[in-house]
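Below you'll find a set of structures to go through.
In the two complexes that follow, subunit A is the common piece, with subunit B as its partner first and subunit C second.
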Partner chain A sequence: MELRAYIVRRLLLLIPVLVGVILIIFALLQFFSPVQRAALYVRSPQQFRNLDQIIEKYHLNEPVYVQFFYWISEVLKGNLGWSKSVNMPVSDALLRFLPATLELLIFTVPLTIFIGIKLGITSAIHRDKPVDHVTRGLAIAGYSLPAFWLGLMLLMIFYGFFTGLFPPGRLGLDAEMVVSSASFQNYTYIHTIDGILNLRLDVVLDALRHLVLPVTTLTIINLAFIMRIMRSSMLETLNKDYIMMARAKGLDEKTVINKHARRNALIPAVTVSGYLVASLMAGAVLTETVFNYKGLGWWSVNAAVQLDVPAVLGFVLFIGTVIVITNLIVDLLYAKIDPRIRLG
Partner chain B sequence: MIATLLFLAVVFSAILCLPVLVIRGRMEKIPGGTGEKTGRWENFKANLRPQIKELKFSLKRLRKSPLSIAGITIITFFAIIAVLAPVLAPPADPNRPYNIPRDGFSQTPKPPNENHPFGTTEGQFDIYYGVIWGTRTAFTVGLMVVGASILVGIVLGALSGYFGGIIDEIIMRVTDVFFAVPALILAMAFVTAMGPGLDSVMKALILVWWPVYARLIRGEVLQAKQETYVEAARAMGASNFRIITRHVLPNTIFSVLVMASLDLGAVVLTAAGLSFIGLGAPLGYADWGQMISFSRNWIVGPPGQPFLYWYTVLIPGLFIFFFVLGWSLLGDAVRDILDPKLRRK
Partner chain C sequence: MAKKSDTLVQIRDLVVRFYTYEGIVKALSGINLEIQREETLGIVGETGCGKSVTAFSIIALPPPPGRIERGEVLLNTNGSTIDILKLPRERLQDIRGHKISMILQEPSAALNPLFTIGDQIAEVLIRHRSETFIKMALEELERDIEAAEKSGSSFRAWVYRTYAGIYRSLLKNRRSLKARAASRIPFLRRYRRKLDAVLRKEVVGLLREMRIANPEGVFDLYPHELSGGMQQRAVIAMALACRPKLLIADEPTTSLDVTVQAQILDLIRDLKEEFGSSVLYITHNLGVVAEICDRVAVMYAGQICEVAEVKELFKRPLHPYTRALFEAIPRPGRGFVSIKGTVPNLVNPPPGCRFHPRCPRATKICSQEAPKMVKAGRDHLVACYHYR
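Our next item is the complex of A and B:
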C-alpha cells in the first residue's frame, strides 16, 4: 500500500518538472522573431515558402499565452518543427540519431558502474593509504579531463600513431555498405545488436572498433562520480555497529566487506545512477562531436552551431523527458531495495 | 570590463568577509563564555578557543593530505600566471589584450620557435599568448559564474529553507526543472537562443548553475534551523532577517566553499566545452576551449610523422586539465576534512 502511494506521489512530482522544461523552452523561443519561430511549426521544406501563412495560422504575432496554447498543442501532437541542419523533421531526427547514442550508452553505463564501484570500495578499505591516494587522484584526474581533449588525444595515439587502429565515425565504409544493403535487416539500428541478429560478424567487429575510443572517453570522465559516492558510502558503512559486530564475532575481513558492508554501501550508488545518465548525456554531446559519431549529441551540436533552433530545443525537451523518467525508475527501484524509503 | 572588475571585487570581498561573519555569528551564540563579567574581547577570545582548535585540526589534516597540497599548488601557479599575464605575454594593443596576435594567415600550424615559444596553431595564432591570457579568461568565467550562482543561491536557498511551505515548494520545483537537463546541454540551448559569445556563455552558465547552490544552502539552512542556538535567538526576539544572516548563513559557508571549489573547475570545463563546440568566445579571443577546437584538424600529422602537430592539441589541453584538476583536488580534500561524519575517524 505504501509503495503504491509512493509511486503515485513520484508520478505527480514528475508533471511539474516536465511542465517546467516545456516552459523554459518556450521562454527561450521568445528570443526569436516570429519568422524564425515559424520554423518550429514547419513539417516539410515546401512550407518555408509561405512562412507568413504559418505565422498567421499559429498566431505568432499575438500575445504570449495565445502562442503558448498553439505551440503546446503542436508539441503534444509530436510536431517539434523542422531541423534544417539535417533536413528532416525534428521528431524524425530524434528517432534516427537515438540508436547511435543508445549503443554508446549500452557499453558505457555497465563499464562505468562496475569499475566505479570496484575502485570506490578499494579506496575506502585502504583509506589514507597510498592505494587510496592513487585511486582517488586518478579518478579526480579523469573527472578533470575535458571530454573533447581526451578524445582528441586518444585519436592522436590510436588513430594517428597506430594508423587507423580505432577510427572515428560510427562504421567503416565497407560495413556501412553492408548495413544499408537490402539483405541486412535493421531491427534496432544499433549496429552491434543488428550485426549479431543478421549473423554478420564483420559488422559487429567494425562497430566495436569504432566504439572503443568513445566508450573509453566517456567511462574515464564519469568514473569519478560513482567512485566518489561509493567511497564515502563505504566509509560510512564501515563505521556502523553491525560491522564492528561482524568483526567481533570473528568473521574474516573478506566476508565482512563483501557480505556486510558492500551490500549496504551500494544503496547510495544506485540512487545516483539517475544523475549518471544525465552526466553521460552531457558527456556524449562532446564525445560524439569529437569522434564524429553521428548520434543525438553530434546532431545537437551541429544544430546549435548552425543556429538550427527547433533541433536544439527538441533535443533539450527529449533529454529532459528521458532524465525525468530515468529518475522516476531509479526512485522506484530505490524504494524497492530500501524499505526505509517507502515506509519512512 | 569595469563591470567585470567591480563584480570580481564584490565576490572577493564577500569571500574575505565570510570568516568574520562566522566569528561574529558564533560570538553572539554563547553569551558570557567564561562566566565572570569580562569585556567583549575576553569574551570573544574565550568563545573563539574551540574554533581555533578545530581550525588547527583542519589545517593539520589539510597538510597531511598530499592531494590538497597538490591542488593548492596548482591553483597558486595559475593565479600567478593570471596576475602576471601582461608581464609574461605583453599585449600588442593594451586596449584589447585578449586578442591573440596572429603571425600571418596560413592554416598549417608552426612548431615552437624563438618568436613563438609554444608554436602557432591553425591560422597562426600564438599558442603561448593564448594560453597565458586564456588563464585570465578561465578565472573570469569561473569566478563570475560561481560567484553569481552563489549570490542567487544564497537568497533563494535561504528563503526556501527558512520559511518552508509554499515558497519552498515553488523554488524547489524550479530547481528540479533545471536538474532535469544537464548543465552543458541546457547552457547550449540558452547560448543558441542568446547568440554565441563569451558573455552569452557566462549568462547561460549562471542561469543553469544557481540551482546547485539554492539546494545546497536550503539543505544547510534546514539543518541549522533545528539547532538550539537558532531557537535561542528566536526566543530572544531576533528578527527573521537577523537570524538568517547572523546565525544560519554563517554556518552554511563551509559547504558552500567546498562546492564552489569543485564548481570553479566544472564551470571552466563546461565553458571550454561550449567554446570548443564553437558557441563561445569570438575567433582569436584568448580562450582554451577555442584553442583546442583550432587543433581539431591537426591531431594526425602526415604519414610517418603522426605527432607532427602535437603542440596544438597538448598545450591548451594541459592548461584546462590542470586548472580543473587543481580546483577538484582542493574541493575533494576539503570536503573530506570538513565533513563531520568522516572528520574524526
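Our next item is the complex of A and C:
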C-alpha cells in the first residue's frame, strides 16, 4: 500500500515537471517571429501560401500567455506541426523513427548494464590487482574511442573484410520485402519483436544480424560509465561495517558480495543506467549515422541541420517526457532496492 | 571472575602492518595476550593504539589494508588447540560467528540496511546450525504428513512429502542442487516456509532474550526503524545466536547514550554468565572497564604495556602510561589533565619503549631497548623498566 501511494505521488509530480518542460520549449519558440512560428502548424506544402491565415487562425500575434494557452491545446491534440525534412507531420515522424531507436535500446541497455555491473564488481573485488587494471584500462579505452571511428572500424572488419557478415542498415532487401508485404503484421515496427509475433524467424535473424555492430559499438562506448560507477560504489560498500559484520558472521565471500554488498552498491549504478536509457533514447546520433540505422537520433540531427524547427521542438518535447518517466522509474527502482526510500 | 583458569584464546607475538602510501604502519608489534574461559578481558587505550586491530585479527579479519605478518592465535576448544591464523578459509568461516563472534561500535552501521533484523539474525543460524533447524523443520513436516493422511487429504500429504525430500537432500549437502533449483520454482519454493517458520521461532526467542519488547514485530523491521539501543541488541542477538565461546565487543556502547549504555552493559554481562562465553571488551572508557571486566590489558601504540586484574590495576597502576590515563579522568573541582605530547606516528614509531618520549620517568635505556613484560605481582604484568 505504501508503495502504491508513493507511485501515485510521484506520478502526480510528473504533471508540474512536464508543464515546466513545455514552458521552456514555449519560451524557446518566442525567439521566432510570428511568420516563422506559423510553420509549426503547417501540415502540407500547399499551406505555406496561406501563412497570414495561419497566423490569424493560431493567434500568433497575440500576447504570450494567450498564445501559450492555444499552443498547449494544440500540443495536447497531438498537433506538433510539419517536419519538412522528412515530409510528414512531426507526430508521425516520432512514431516512425521511435521503433528503430527502441530496438537498439532493447539490446544495448541490458547488455551494457549487465556487463558493466559484472565488470565493476570484479574490478572492485580485485582492487589494484592485474584484473582490476586490465578491466579499467579496457573500459576507458572503449569510452575514449570516438563512436564514428569504432563504428567504421567494425564495419570495415565485419562488413568489408568478412564480406557482408554484419551489414549496416536495419534490414536486408529480402527481409524488407517480407516486412512491407501485406501478410506481415507490424505490431510494434520493432522488427525482432514483430518477426517473433509473425513467426518469421528469417526476419528476426536478419534484424539481429543488422543489430550486432551498432549494439556492440554502443555497448563498448557506454560500458565504462556503468563499470566505473559500480566499481567505486562497490569499493565504498565493501568498506562498510555491515560487510565486516557479514564476514564476522562466517558467511562465505560469495554471499558477502552477492547478497550484502551488491544490492547496496547498486543504487548509483541504477542512476547512471537511467541516464543511459534517456541518452540512448535521445539518439545515438553518431552510431545511427555510421550504420545508416534511421532512428530518432538520425532524424533529430537531420532536422536540426535543415532548420526544421517544428521537428526539433517536437523532439525536445518527446525527450523531456522520456527523461521525466525514466527518472520516475529510477526512483521506483531505488524504493524497490532500499527499504529506507519507500517512505520518502 | 574466571572460575576455571584455563585458557580459551592465546595470542602469541601478533604482528599486523598496514601498507599505506605514507609507509608501513606498524599497527601491532608483537602482541601477547591470553583470554581465559568465562572471563571478561578489557583492552583499553587511546584511539589508534591498535585495540580494534587486535580484536579483528583474532578472527583473521584485519581491517584493510592491514596484513597479519606474524603470530599465532590459538583457540582451545573441545580439548584441542588450533591456530586460527593458519586455518584454511572454509574452516575459518566455520569459526567466525560460531565459536567467536563480534559486536561493533556503531550498531546502525553494523546492520545491513536492506535486510530485516530477522533475516540478518536467521542468516547466522542457517550458516552454522542449519542441520538442527532442518531437522526441526523435518519433524514438523512429518507431523503434518501424518495429520494430512489422517484427514484423508492425500494431495497435501504428497506435497509435504516432496518438501521433506528437499530437506533431506539439504541435510546431505548444504548446497544441494535439488534445493537450490526448488528455491527458484514457484510453489515448490514454498518448501522454505517450514524452515523459515522454525528459524523465526528461534530468532524471536533470541530477541526476547535480548530484552527487546515485541520481538515478533521487530523481526520484520528494517534496521532504520529501530533506535540505537534496539539496534545494538539486535547485533548482540546476531553475535550470540550460536552461543559463541568468545564474544568480541568493540566499543559496543560508545555511540549510545548513558542510560542505554548501562542497559547494554548489563545485558552483555548477564548473557555472558548465561551462555558461559568469554568476552573481549574493547573500550577507551575506564569507567566501563571497572564496571564489566575481570582483567584489563592496557595498550599503547601497538603494544601492550600492562595487564592486570581490574581491582589490582585500579589500586596499583604501574606503567607510567596507565597512571597517566587514570590522571586524565576528569574529576570535579580540577582542570582537565592530559598526557604531554602526542600519540606517535606508527610509520616511524620511537625506538625502545614507545612511550618514552612522553614518559616522565624515562631514562637512557628506555630509548634504546624495548622493555620486556615482567611479573610485578600476582597476575600483574608490566612492560617498563621503572615501574617501581
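As a working rule, the second predicted complex is superposed on the first by the 315 of 344 C-alpha atoms of A that agree within 3 Å, B and C clash if a C-alpha of one lies under 4 Å from a C-alpha of the other, contacts with A are read in each partner's own complex, and residues count from 1 in each chain.
Throughout what follows, contacts are C-beta pairs under 8 Å (C-beta built on N, C-alpha and C of every residue); 3 or more make two chains touch, one makes a residue touch a chain.
The structure presented is a predicted model; accordingly, all values stated were derived computationally and were not measured.
In the three-chain model built by superposing on subunit A, subunit B fits alongside subunit C with no clash.
When the two complexes are overlaid on their common chain A, residue A:F148 makes contact with subunit B while staying clear of subunit C. When the two structures are aligned on the shared chain, A:I325 is found in touch with neither subunit B nor subunit C. Touch counts on subunit A: comparing subunit C and subunit B, the chain ahead is B. After overlaying the two complexes on the shared chain, residue contacts for A:I72 are found with neither subunit B nor subunit C. When the two structures are aligned on the shared chain, A:L111 is found in touch with neither subunit B nor subunit C.
Of the two partner chains placed by superposition, only subunit B is touched by A:V316; subunit C is not. No C-alpha atom of subunit B lies closer than 6 Å to any C-alpha atom of subunit C in the overlay. Counting contacts by the rule stated earlier, residues 239 of subunit A appear in both its interface with subunit B and its interface with subunit C. By the touch criterion given at the top, residues 239-242, 244-252, 260, 263-264, 337-340 of subunit A touch subunit C in their complex.
Contact residues of subunit C toward subunit A in the complex are 56, 59, 61, 63-64, 90, 93-98, 101-102, 104, 106, 109-115, 123-124, 127-128, 222, 224, 235, 238. Considering their complex, residues 66-67, 173-174, 176-177, 179-186, 188-194, 265, 269, 272-273, 276-279, 289, 292, 295-296, 299-301, 303, 306-307, 310, 313-314, 317, 320-321, 324-325, 328-329, 332, 339, 341-342, 345 of subunit B touch subunit A. Contact residues of subunit A toward subunit B in the complex are 13, 16-18, 20-21, 23-25, 28-29, 31-32, 133, 136-137, 140-141, 143-149, 152-153, 155-156, 159-161, 163, 228, 232, 235-236, 239, 278-279, 281-282, 285-286, 289-290, 300-301, 304-305, 307, 309, 312-313, 315-316, 319-320, 323-324, 327.
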